[in-house]
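Following this message is one structure expressed as structure tokens.
Chain lettering (A, B and C) follows the sequence in which the chains are written, and residue indices restart at 1 in each chain.
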Amino acid sequence: MQFAGSHILSIAQFERTDVERVFAVADRMGPYAQRKRLTKVLDGAILGNMFFEPSTRTRVSFGSAFNLLGGEVRETTGFESTAIAKGESLYDTARVLSGYSDVIVMRHPAEGSVGEFAAASRVPVLNGGDGSNEHPSQALLDLYTIKSEVAAHGGHLDKLRIAMVGDLRYGRTVHSLCKLLSLFDAVEVHLVSPLELRMPEDIVEQMRTAGLSVWESDRLEESIAQVDIVYSTRIQEERFSSQEEADLYRGRFRLNQSVYTAHCQPNTVIMHPLPRDSRDHARELDDDLNDNPNLAIFRQTDNGILVRMALFALVLDVADQVDSHSREVNWYTAGRF
Amino acid sequence: MQFAGSHILSIAQFERTDVERVFAVADRMGPYAQRKRLTKVLDGAILGNMFFEPSTRTRVSFGSAFNLLGGEVRETTGFESTAIAKGESLYDTARVLSGYSDVIVMRHPAEGSVGEFAAASRVPVLNGGDGSNEHPSQALLDLYTIKSEVAAHGGHLDKLRIAMVGDLRYGRTVHSLCKLLSLFDAVEVHLVSPLELRMPEDIVEQMRTAGLSVWESDRLEESIAQVDIVYSTRIQEERFSSQEEADLYRGRFRLNQSVYTAHCQPNTVIMHPLPRDSRDHARELDDDLNDNPNLAIFRQTDNGILVRMALFALVLDVADQVDSHSREVNWYTAGRF
Amino acid sequence: MQFAGSHILSIAQFERTDVERVFAVADRMGPYAQRKRLTKVLDGAILGNMFFEPSTRTRVSFGSAFNLLGGEVRETTGFESTAIAKGESLYDTARVLSGYSDVIVMRHPAEGSVGEFAAASRVPVLNGGDGSNEHPSQALLDLYTIKSEVAAHGGHLDKLRIAMVGDLRYGRTVHSLCKLLSLFDAVEVHLVSPLELRMPEDIVEQMRTAGLSVWESDRLEESIAQVDIVYSTRIQEERFSSQEEADLYRGRFRLNQSVYTAHCQPNTVIMHPLPRDSRDHARELDDDLNDNPNLAIFRQTDNGILVRMALFALVLDVADQVDSHSREVNWYTAGRF
């Protein structure tokens, strides 16, 4: 992929070398995100952070990533007040808004809308989530986290063993992750879900065609026994016919420290796209895992900053200039990370 | 007008030389808006972008214009959460908020409120729209666009021929534009509207007194035959007694490529304050005009950035320092404009 | 107190020397807030301005203070769209959001929530108000204003004489101020309120234990006769059993120019946490005081900028570098303050 000037709309755009390019740039963003150094490579650039659907943390993560490169952020949140609501076409909206910034992140509740917007935009557009369709930066940060976590124990994305647990039917996150994993070799995927919430058949087929080993099961314990990563997701009660049925599954897929100790290998890493539900009856990852050093859920969200910085740096073609515009941080950062 | 430190509340403040001064500064903003160069002339300055009524594009346009000069933006959107709602006077609100920034843009639903706010403010206030009253930056960007478009064919604001089409009774935009055009010589104005939506008498009188030639008509085709500019506006169905009546007028004032080809001169420029309605039954400018090089509606909104940059530069008295604080852009901008 | 890296959650953290340290730093912020000079000491730093409850002026004041030190601001306003609403714990929210910025200001409707958030945050958190609990920057700016105002007439916080007027029972502001005043010597406090809205007993006791002289009364005129400061607060009608009862008290505690002239000493300073009610039936400070040079309510809100700049500078440990990162302002500022 030619990143400079491109829209980032779907993980389908990414070949293995593209993913590796993003990750290589993300690796170099660490000192800036961790405040060991400061870069002003995008000083004077403007991000249009256009959230036509609210998503506080995705919005703030993109905005902070742009600030960390030295750029400015203009934002909008919500839908009702926009011209779209008055009958304006996405074409017109895109033509107008793309005159106000150097790059746009757009989130929109309607599937496909971000692509339509991008087609009329005069500046690169990054998809910040369009309904149930795509959220490519989330998929990339998940995979980047997997890569970083297993690397700490000498592992690689090739030969990765991963269990995905929970609602695999409706979860946009796990769908995208499966597609990205298909770019790598000898990956072993354990899909753990209630029967009603199985991974869609076409995605399973795509993985098998790509050479991955895929197992499906509704048994948590055996599925997490031989994996590098457990990727947990929320059981969404609204999908079930009754509370009782939902609660049945919930009990079985709940991971806590004693389940972990009893069934997982010592270095198995725990991930989750967040938010996780902290209400007693609805937990999928218990708080008693918070001190487990293999709980990677907050490293995962921190990695979102690195991956989003990398995407901005690539589409604006400054990835190789980041360090040359850098300097030391002059404020207190001790104990920060 | 002495711009430095002044409020910009109404186009009635502007004499011809003032308009020309704004346009001369706006002309010099092109390289910055188009990202050929970068200026930091307002580095460290703060804009209070105070929108007590939502207007996404006006808000983002002002904010981006300020960022393009190197300044920072603090914003507020919406009304319900403010102290005004708790019984605070505009005087107090203005005194408080004007301590937080170097210049304020204020939009407010109540006519005259921005002027009242400005009277108590300790920093310059730009009117971003106060109800049906004034929206001076919109009027200036419209006129600036006319000037730029006709200049491409050797035309001038003096001797301009313009048709204004649609709802001329309630449209704040066309009222302001008429007043600004009265500052120029030998202007010919064709007003095309349904009888019920004619331009208010006093504005027609004001133009005639100022020496303009004014024609009124409800026939689109003959009125757009001999003009430099067609300025189209929305027919607002809520003003009519019935849907059927609204639809009657709509059909007559709808401009599309075949009407344009049949009736307009080759270089006639099409403008619109946007948003235009893209719903089938409500269109005033068809999508088939999108490839017509004389469709200036997106150049018009782009010009909003130039004019707003010029207004900020003038009231903060940095218009002559913009270039000396400038440098090259270091990110990818190819194919942007 | 060790400021660098600390959370600022409660005025209970502050000893007298800490208050004096904040004030000494705030004193040095004047030239920057008044735009005589510009500092970029926090250039590249990011504030997470997290308002889970709306408060326009507190939010903008914190944001502008951070901008005035050269930093960037990422914001969120409102609650409904956040992950907290989906059952996420404050612990998770704090861990995630604290990866996006260098310091966080948090406002939240629930008492104690900001402290809980801070406990999990990886960066310093400033309490921007947590329900009826604490709003420490407001208390500090009030005390800083008192110090500055009485200093103009040779006075000090030691030996201060102050009257607090209005709703002393529910007002978070006056409670905090009383606690801070307890750090100083020989302070004389006159509490003026309806019987039903008296200062809570424990706060009165705390002041007396600390050696302050405390008088309680429901007579405005005699209580404001011999004081340096009159600190007025809103009578909140919703606390009363009937409109009529509220109106009874209102009439008695209303301060206007003629009451001031008849009863106050010439240099008595008038303060109010704002907003003050401008509706005829509900006023506590009349508009005819606006020209009284001792009306300090707008100097008070301006001081909020200085105190918040000082808090940021202290927790990020740049208080001693502010001047060395400074330069002259290049835009028009004449007549600003």
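Just so it is clear, a residue touches a chain if its C-beta (ideal position, glycine included) is under 8 Å from a C-beta of that chain, and two chains touch if they have at least 3 such contacts.
Note that the coordinates shown come from a computational prediction; the quantities given were computed from them, not determined experimentally.
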| item | value |
| --- | --- |
| Contact-graph distance - origin chain A, target chain C | 1 |
| Copies chain A and chain B touch via same or different residues, half shared test | different |
| Superposing rotation of chain B relative to chain C, computed on C-alpha atoms, to nearest 5° | 120 |
| Length of the line joining the C-alpha centres of chain A and chain B, rounded to whole Å | 40 |
| Multi-partner residues of chain A (each touching 2 or more other chains) | 72 |
| Chain A residues within the chain B interface of the complex | 4-5, 41-46, 48, 72, 74, 76, 80-83, 86-89, 91-93, 95-97, 99-102, 122-123, 315-318, 321, 325 |
| For the chain A and chain C complex, residues of the former touching the latter | 35, 38, 40, 54-57, 59-61, 63-64, 67-68, 70, 72-73, 77, 274-279, 282, 287, 290, 297-298, 301-302, 305, 329-337 |
